[in-house]
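Quick heads-up: structures coming right below.
Across the two complexes that follow, subunit A remains constant while its partner is subunit B and subsequently subunit C.
What follows is the complex of A and B.
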C-alpha cells in the first residue's frame, strides 16, 4: 500500500505517451450554436490526433441533403483538427454527423446541430 | 463495537463487494463511465487501483483498499478479477483491530447487445467468490463462497427529441444478480447448522455527462475542467432471496457523487449513505482511481482483446 503513490506517479509519467479515444473538444460553428454569417467549413477539434483517411464529417440541411464537400482533411499543423468544406449555406438548422478514428485506431462518433441565422 | 453495528457494516460493504465496479463501454456517441458501487454493462481492458471504501461506525470504522483488473479475451467477452484488503478498527474490548484480505472474486462477462442509435449496451455474466481464501479466521472473509449470474444493461438518453436536448446527457445503468451460496448450510464445530443465505443484488445508476453536453448538445463555453465531470447517483441493494433466513434483511447504499473522466483515467468520489436501517447509521465514502488500459497501452496485450 505504501508503494501506491509511487505506482501512480509512474503511471502519470508513462501516460505522457498515452493515446486515447478521440472526443470532440470544440467545433466551428460551435455545437448547438448560432452563427450570423454562413460558414465556409466545419472544423472539429478532437482530444487526440485523428486519421482523416478513416474519419468522416457529413453535414446535412433540414431536408437531409448533404451540403459538405466530401472527405474531411486534417487542418495544417493541427493533427487534432478535421475540416470539411461546405457549399454556400442559407439560413436554417444544419446537422453534423462525424465518425473519427484516432491514431491508435479507437473509433468514436457523434452528432450535433448548428444554426445559420436569418 | 457492538456486534449488530459490525454486522451492518459487513452487510453494507458486502453489497459493494458483490457488485464490483468495472469497465466503460461505448454505444454510438455514449461513453458509459465506470460506476463505483455497481458494475457497468461493458467489457473492456481496464483496472481500478485503488478503490477505497471508508465506513465509520462509532466507536470504530472500516477502510477497505480494493483493486480490480478487467481484461477482454475477445471484443465482447472478458473477465475481471478483484479483491480488497480490509482494515477494521474497533476498541480492544470489542476484539481490537482486524486486518486481512477478503475473498477474491472472478467475473466472466459477455456483451451480447449493442444499439448505437439508442445508446444501449447489455451484457450477461457470472461472478464467483472463492470462499475460504481470505482472512476467514478474522471474520473478514467468508468460508463459503458464492456464484452469481448477473444481467447488466445501460441506456443513454441521447435519442430524446431535440426539444429535450438538455436531458440528452443523462444515462442510466442497471445490474441484477442472483447470488447463490456454494454450500447451502454450514456446520459449526459444536454441530450447529447455519444456512448460508442467497441474495438478490440489484444496482442502478443515473448520471449526467458534461462531456456529452458539450460535444452532442450545446457547447456553453464552460471551463475545461467542468466538461470532464459526470455528476452521478448510484443505488446498490442486497436482499435475501427468500424469507427463510431469520435476522437477515435488505441492506443497501445510496451513493451520490461525481466522476472526473480524462483521456486514460477516471477518478470517482461518492458518499455512501445507508439506505436501510440494517445498513448502518453513518455515511461513509468510496473513492476510486480507474485506468483505461486500452487508452494507456493500446498496442499491448493489456490494452486490446487477446483473440
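What follows is the complex of A and C.
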C-alpha cells in the first residue's frame, strides 16, 4: 500500500503527454523540402502507431501520374512509421497524399510536396 | 459550443459505449454472485432465493448477449470506418481484414469469444469454482478495453502506463457499475435483512472503486483534455465535463443510498426504505450507463491536447 501514491503519481505523469489520432510528425523526403538525389522511398513518421492495411500513401508527379509502388508498410520495428517504395524519379515536384488509420481505428489524412533537384 | 466531429459518427460511438456497458455488466453480475451476495442470499427463504437466482441467470445471459450483439456491430462499423467504406457490403468486406490484420479487430474478437464462454462456464449452477473461472474470463475481456482507446496507440513505454491506467479504470467501473443491475434485482426480491447485508458488503467495494475511477479518470482526462483551454474550447473537453458531471451525480446518489436510505433498512419500517433504495439503484444504473455512453463519445473525439 505504501507504493500506491507513487503508482498513482506515475499514472498522472505519464498520461499527461498522451496524443490521439495519427498526425504527421516528420517525413523523408521532408515536407516541402528539396533533395539532391532521387529518393527510393517515402517514409512518414506519425504521432501514433498505424495500421498499414488500412493506410495509404500515394505519390504523384507534376502530371498527376502515380510514381509509388502501391501499398505502404510499417518500417521494421517502427510501428509509427509508414514506408512506400518509389519508381525511379526524375527532377521535379512530387505530391504525397496520405491516409493513416491509427491502431485506435481513427482515420486522418494530409498531403505535402517535395522536390527532386535538377 | 465547439463542433462535435465524432470519428465514425454518433452511431459508432454509441454502439461502442453499449458494447462496453454490456461487458461491464457481465463482469459485475458475476462478481456480485461470487463475492458479494452468498451470505445475504442465505438469509432469504428458498422460494425467494430461487426466484432471484433465475433473474440473476437472465441478467447474465442478457448482458453477454448485448455485449456480443453490440460488439459485432461495433466490429462492422469500425472496420468500415477504418477502410473508409460507406455501403454495407464494403463494410462487411472490411471485417475479415480488420480481424486478421488490425489490433482492434483481433482484440475485439478475442474479447467476444471470452464473453461468449462466460455463461457456458457457469451453466445453470453457479458453483464457486465455475464462478471463479467465469470471473477470470470476464476480467480479461474487460481489461482488453485498454487495447482499444486513445491510450493504445501512442506506443512505447508510455502506452504500457496508459494501458495500466485504462485497465484499472474499466475494471473498477465493471465492479461498481456492473454490480448495480444484480443489486437492483436483489433489492426487488429479498427481505430487508438480506438486502441490508448485501448493501453493507457492497458499500466498501464501491468506495474502493470510486477512488480508483477518480484517480485514473483524472490522470487520463486531464492529460488528454489539454488543460482549462481544452476543457472549455473543444468538444472533447465538453464531453469530459459532461462525464464528470454525471460522475458527480452518481456519487451524490451513492451517498444518499449509503447515509440516508441504508440506515433506515434496520429501523422500524424497513420496507419503504427498501423500495426507495430499489428506485435509487435503478436511477444510479441509468446514470452509470449514461457515463459509459459518454465515454464512448469521448473515445471517438480528438482530444483537446491534440487540437
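To be clear about the criterion, the second predicted complex is superposed on the first by the 100 of 118 C-alpha atoms of A that agree within 3 Å, B and C clash if a C-alpha of one lies under 4 Å from a C-alpha of the other, contacts with A are read in each partner's own complex, and residues count from 1 in each chain.
FYI, a residue touches a chain if its C-beta (ideal position, glycine included) is under 8 Å from a C-beta of that chain, and two chains touch if they have at least 3 such contacts.
Given the structure is predicted, the values throughout are model-derived calculations rather than measurements.
By the touch criterion defined above, A:90 lies against neither subunit B nor subunit C after alignment on the C-alpha atoms of chain A. When both complexes are overlaid on chain A, the residue A:53 reaches subunit C alone and has no touch with subunit B. Within the superposed three-chain model, A:105 lies in touch with subunit B and with subunit C [touch as defined at top]. Of the two partner chains placed by the overlay, subunit B and subunit C both lie in contact with A:21. Once chain A of one complex is fitted onto chain A of the other, the partner contacts of A:70 are absent, as it touches neither subunit B nor subunit C. Across the two superposed structures, the residue set of subunit A contacted by subunit B and also by subunit C is 8, 11, 14-15, 18-21, 23, 47-48, 104-106. Residue ranges of subunit A in contact with subunit C, taken from their complex: 8, 10-12, 14-23, 47-49, 51, 53-54, 79-80, 99, 101-107.
By the touch rule above, subunit A contacts subunit B in their complex via residues 1, 4, 7-8, 11, 14-15, 18-21, 23-27, 30-33, 47-48, 104-106, 108-113.
Interface residues of subunit B facing subunit A in the complex, by the touch rule stated above, are 26, 28-29, 31, 49-50, 65, 85, 116, 162, 165, 211, 214-219, 227, 263-265, 289, 291-292, 294-299. Interface residues of subunit C facing subunit A in the complex, by the touch rule stated above, are 7-8, 78, 81-84, 94, 97-98, 101-104, 148-155, 158, 161-162, 164-165, 168, 215-216, 218-220, 222-224, 299-300, 302-303, 305-306.
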